[in-house]
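Given below, in the form of structure tokens, are the structures.
Look at the two complexes coming up: subunit A is in both, with subunit B in one and subunit C in the other.
For the complex of A and B:
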């Protein structure tokens, strides 16, 4: 032992010397001998060898960890009973729908289901497929459901039909908290800050002035019958710009990252060169099986993109995976239990519209959005799919450009009317294109406090007649505290346009409340229209049946109708904008006025006044001069 | 003529009184209304803190077993003695160590305990007899002939706070108690160096305050390796699987953490809160391509390239979303099937037996080779169960280092008990608590003094009441912690020092301190110039006029006198 200690000292000296003499780095040996007496002691095992590199060069120095023999007690208890691990399942899917406008709609969905329970104070800390960052968020903030979406561009329902997962332009976040949360607002504030860090987005700008508690429009999509909307928070940021920095953290949440599977095609330079881009994350509890005794947690990541292949160069109507994503597929994500590509060929039963290559024998039918659609299926887990070239590059060549799209049964638009900077009017138009059936819709309007709604001017008309809402929930705004919330349940008559108008007054903001570019205008988030639209075919109500992911997002409760959510355009409203050098001007002007007043007062007070002899008049002076010349005494 | 004179005097008086009103009422009023709010800070107490005098004291009991003292000596054993040491670390920091040594003879029960066959058993039964408080230690002096300790071992340090010291011939030689104690004392001091605070530990803990001379290599490496003190740590175990196509990995991390890590953390809970989680990362590559070594038939990762290994992985580790405590990362890397096995080589081109390395203040990484777990022609993917005992042994060792356990080998002749299933002896915890208390106090004082300095230098920072409150509570906590250290109450000292560090950091990083930083005084003056210029020019002119008149009158008076 003594020798060992000496060598220790000697080595430190040697090391020191070598530094002073700037000799080339030297191998030093510190505490490398085996000591049988302390072999099973981690304390002795913790001796580490000093690396002989220059000591101050790296702040972070790497040291080898030396463990002498595994510890006694460790090997004693090495026989651990094998524990049943909660099942996790990962699926990935891509749906491609050729749109009649000539665009291509591609929708990626990734779904992780984990048979674990975040509720009831369960501490979950070991993650496998489920991303740790989101899991920690759910546990810490007692989240029951979380839906977040980032969208660039506006979904044109009239030309493109319904998307599988709708989302408004900008960022949207809605969260159901568990009923154990006591201070929902504080938790919400903290949650938005954390999410803003995770997704690199400005979600931290969500505060009480743009947070809503809708009473009916946003019901939980997972299991659980909590409908007390005190635990719901909803916010949109219509101005949020979505770009690569939001996509990268989103891709990081996938178990395979962007290294394998469908996610390899998510290249930002292609995805953002599109007409519409939307990415979202949805977390909710779902049933484990048909008995639904215990919940599983489902994480659904969706990415929807619409490519405008007409304008991007070639006038030929054809596309391929490589053209769209600049990548082809070579493998499925090895962690995925299913990995499929669906191509919508409903309008092309006899291949008269377009030609799909390579052809696949697999066909599948799914009821989605009230319609029975036929899909060609490519199963990436089968080697056969990739053929001899070991890579899959789907291609569609159009033959004719005919064909009409069915008009969507429900769509909506919104605009601001009026002139000047004082008042205005918001118009919301909802179209029911069903030829003979009327159906109810829930309209949610959220308007920031600086547009003061005159709710007495609210008018709902369809087909020229007043349409009385059967339910109205209106929460007036409070300045700088909360926005207006207007929810209405309306019946849309068949084949009609229903118009909702309300007048507003523009408020004057404080000078610090303006955005950096106030003349750009202020955004008002999209209205949300949720509806049960009558379906032409019977919907599947069996939730546990194996279904493609794109058709199973909104739970379906009855066969005759399906749920649709439509977002209108966000509004851009100009507010009266002051001159921002105003404070300085005010100070200067006031000072000048004060100084002028003060000057005259000062003069009055300090001048000494004397009675002056009045000057003799001009005539008298002239007379005096003449008199002086004459030698006569003056007057 | 008289009336004009009266008028003139009235004018002068008016000008004077306006000047007086402007100076006495106007200027202070303007000053007060445009001034930034600055709450009162205990500057004098903060300057006191910059001169830190730490007094550490610990109780030591020295118990003489039967057969170590002659009856004569027994009668004359002194009750207590104090050992004092003082070091001036630098001009502002003085350390004083006091060991209060109490001497007594062993009780009958202790004698029983000491007559157990092995030292470990004796240690255990002594512990059952009495629980010594945090920070104190007990040294049993046992006779030379005792069979408790093996031949070459002079001192045995137990799992708790007890040590056994064997009498040697030199002590026997001493006839009187004084002679005996004189021989015993340096040995006890050596024992205390291991079991209680040592000067190197404490100075290392002061690294936040005191700049080290470069000769102090050892303590510097140590202090740089361990994490700085924090109220909590997040421990993350990550399993990196770069090749999920060929390896399907299973690790029972939950059970392993329960068995190996949790007892250690429970024991450490007075020092900090720990939370443990784990994750699996697929397709996580190392930043370096290991080179193939033909002789070895394996891939070799050289120590020089270790620094580049982590960077690409770190981007995927993710920070803890739910807290802002520092994260300790432990990575288990299973090389992919094509680049397998991988061995780490140190600077002497020797393979590291544990195949693991750690980075100061970051965490550790272990390469786990699975190539030999399946045959030459396997059918991929292969299911692999990871041997958690092996892995956790390495990670526990790294965790001990990163948390700040001293790793210096015991002095010759010392035998240290293996630390049992907990992985940590009581006296080791005490040592950690000593150095953590000192470190916290040092950090808190530097934070507060630099904050006070900053606020003093930049006059137009707003100091809100809550900051003032945080600062004063930090100051009180530091003072309390110093007092508790002096009284020897280690647990309370650590508690107060933690509070001090929390309050000081909160005050230092308060966002309100940044608000008006860039609104300096000269701009304030510039804005108010339109008010001041027209106001002050007439006042100044009339004051000058009055002054010159007074002077003239005075001169006339002088002339008259002459």
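For the complex of A and C:
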């Protein structure tokens, strides 16, 4: 330090003339600026992780420069703004359906449609509303369709009706690859690893032991002319937990993030304190217009949640946006072309069941799930919706609790019967509640390899009589390689219960294949029941008309029936679990026995006894020393 | 006379100011690292080990608050406490009773969760030997100028740390992993913090340079938990990490607190166990190491007044190509449940495999019996 001081003194003395000319305040500024520069940027670094704000802010900035440029160079860039703006479209909507039991079902859907072509190897480099992470995944892995869902809870069809977008408990992923993929299994493995990084989920546990290749279920939901099931892969992880770490990257895929629009209400403390929570991402090619000559890519993000009346701590039956989501709405997403809220008021034509406030003049009718429903519509792109307080807090207050729920025409149950840890029986029940029509269902069951199915015991009965399936596809399992796959096409007679039973035997796993908590049990994924259910009203077969998002998910080919997919419960079976402390016990016991037994034997054979003089005391030892010195024999 | 006094005062002022500038410039370049990484691991499963997840999440929260982004944090939680069905307040993990601080937050990214937290995965993350399809968020992409913070918590013993109630990592393995990291130049300086019982045994065997280690208890002592919450029903945090979190809450990205203050966190009177530390492998003096060297993030900023001209936006060249071919096939949606098609579906063309071992054996047996009965010489009559 002292040496520095001397050199500095010399420098200062030499340079003081020039320093007098420059003002002293400038130097202190430079010195101080370095500190805030270092201090501010870590904080800024922490904030820029939220990419949601940037597209919106960048968007506005980018559009401004576009206008300036087009004024300067009229010829080339004047075409760009309208073309690029017509290419991408973002819509958001929220549907609220009060349920008969007092609960409330809220379904968010966010749809981005992009008129580009990921197929045919086109290199897409400019992303605007469509998230870049998913776009790169689609082009890199030649994906034609991708459907992924994360669900916590089980959808109770009997109490809640049919969901708009069904999903099984846990994680589910099914993908249609394009024809150009040569090794589908390797691409599938890489795709699951990449998606596990994007969604912070353990999708890397998807391997050949839980991947299926259905032969007739899960037809593509997008456009396409060829359906070769070699390019389809389906996997489900019933054990997967859904929590805020899955919601965070899901929210970051939205164009407005969670900063504006309906996504503002997606707060995890309220969303996960519910009976059912499901978030999903669906990517598929759709028709651009009614001619359907070129495809455009659609990304749908859906979030279904059912709030329970009693666990949310309410005594009166009254729901509002603030009670459900702890937020109110102040604006629509600026990037959205439409932002609407639909409240289902079909059971409330003269406001005798519940009262909706603030009142809205907009009404809309839609045919969804085979029924014509009436909705009150709140258009968030209109400033008048927010009223004078500039915020929208919908309230639904119940007056009477009468009224019957429309019973769903199709629902299913599944359970394991039997006792002991050796054998068991899986029962799948499908209920057809239609009074006089029968309809076909396609049942897809997948059972892990460690439950060995005895297919010769497969029995399908309806109303007590045998019901022969018109199509069966069974692929037996291979130990530690692939699971059982059973697909059957059944005709369900009207007003009946169809029961499918199959017996199984439990296998003994190797010691290292058990999870760290094997006494919890092992999960068997849900069965999938796909069906064309007859509808009471004529369905709309024209997809490309302006329809609300919740009614345009499943494509409709005929007017008299609609497609529905029902998931059963997953099963939890106990496998015979060994006592994991046994190796330790055995080693201890054997070592003890060997040590005691062999040690005693060795001692008996080789030990010899000698007489030893006891050690004399200190006084005697001293006396002995003196005696030795004197030459006298010791004591 | 007056001018002389003025001049001397002025010279003194300028000289002290330049020493200041030299000090801050010197400090700016003294640490030698250019980026920061954090590996935060909770190794315990089951609801009653709630406090270990809360420990890890509170360090995660501090590290994020001080500037390390999610892309530079590898967070491993062995079990899910926030959305556990026993949690009376879902999507929250509290660090203090009366539910004052939710360390789980709204913006958390867990990289390894549940069954993925194993000794093998932890060592692979440290040494970088991961399968090629592992996503970026699960990798520790540090280089030789990275300062890494490694925080472990869970149940441990003398020389080992238990992972998920089924396997353990020993202090020798950990020391060897750090040596591999040093040989592969994967870190500039490493700060290792462990909050388990007998935690000091885990850093006894380190032998690579530039490692500083802290533990919550000595060999033979147990690390104790702080306080239970009666509403949640479990202990919420461990004592050492609780006082560490309190200490870190006072740190902001430009604070000048150094490691000697960190060593004083949680004395015996508060922690009941004796926290220990090890600095003999560390080259710098702990008094000159800032807390933000490991817990915060370095951003070296260069302010420039140059002007950059941006090129034209990329024209979408394939517009004309699409328009030219628009007269081809019409697409349509696929029938979701084509009943007649399914019933008359042809069986899948399976690839032909050569006959399996059993079939081969059976045919060999049949052929043997045939030849034995009829003898080979009779074959020429048949063929």
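Just so we're on the same page, the second predicted complex is superposed on the first by the 492 of 635 C-alpha atoms of A that agree within 3 Å, B and C clash if a C-alpha of one lies under 4 Å from a C-alpha of the other, contacts with A are read in each partner's own complex, and residues count from 1 in each chain.
The working rule: contacts are C-beta pairs under 8 Å (C-beta built on N, C-alpha and C of every residue); 3 or more make two chains touch, one makes a residue touch a chain.
The shown structure was predicted, so the numbers you read here are calculated from the model rather than taken from an experiment.
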Subunit B versus subunit C as contact partner of A:361, first or second or both or neither: neither
First, second, both or neither for A:292, with subunit B first and subunit C second: second
Contacts of A:197 with subunit B and subunit C, given as first, second, both or neither: both
First (subunit B), second (subunit C), both or neither touched by A:617: neither
Touching partner for A:530 - first (subunit B), second (subunit C), both, neither: second
Which superposed partner A:470 touches (first subunit B, second subunit C, both, neither): second
Touched partner set for A:271, first subunit B, second subunit C, both or neither: second
Subunit B versus subunit C as contact partner of A:223, first or second or both or neither: second
Touching partner for A:588 - first (subunit B), second (subunit C), both, neither: first
Contacts on subunit A seen with subunit B and repeated with subunit C across the two complexes: 4-5, 8, 12, 16, 27, 31, 37-38, 41-43, 45-46, 48-50, 80, 83, 125-126, 194, 197-198
Partner subunit C, residues of subunit A touching it in the complex: 4-5, 8-9, 11-13, 16, 19-20, 24, 27-28, 30-31, 33-35, 37-39, 41-43, 45-46, 48-50, 80, 83, 117, 122, 125-126, 152, 189-190, 193-194, 196-198, 200, 202, 204-205, 215-216, 219-225, 227, 229, 239, 241-245, 248-249, 267-269, 271-273, 285, 287, 291-295, 440, 442, 470-471, 489, 515-517, 530-532, 543, 554-555, 557, 563, 580
For the subunit C and subunit A complex, residues of the former touching the latter: 7, 10-11, 13-15, 17-22, 24-25, 28, 45-46, 64-67, 69-71, 80, 82-83, 89-92, 104-111, 113-116, 131, 133-138, 164-166, 252-254, 292, 296-299, 301, 303, 313-314, 316, 318-319, 322, 326-339, 342-343, 345, 348
Of all residues in subunit B, those that touch subunit A in their complex: 3-4, 7-8, 10-12, 14-15, 18, 214-215, 217-218, 221, 224-225, 236, 244-245, 250, 252-257, 259-260, 275-280, 282-283, 303-304, 306-307, 316, 318, 320-322, 344, 346-348, 352-354, 356-362, 364, 366, 381, 387-390, 392-394, 396-398, 400-401, 405, 407, 409, 411-413, 415-416, 418-421, 423, 428, 527-528, 530-531, 533-535, 538-539, 542
Partner subunit B, residues of subunit A touching it in the complex: 1-2, 4-5, 8, 12, 15-16, 25, 27, 29, 31, 37-38, 40-53, 55-56, 58-68, 70-75, 77-78, 80-83, 85, 125-129, 131-134, 136-137, 139-140, 194, 197-198, 252, 255-257, 259-260, 331, 334-335, 584, 587-588, 590-592, 594-596, 598-599, 602-603, 605-610
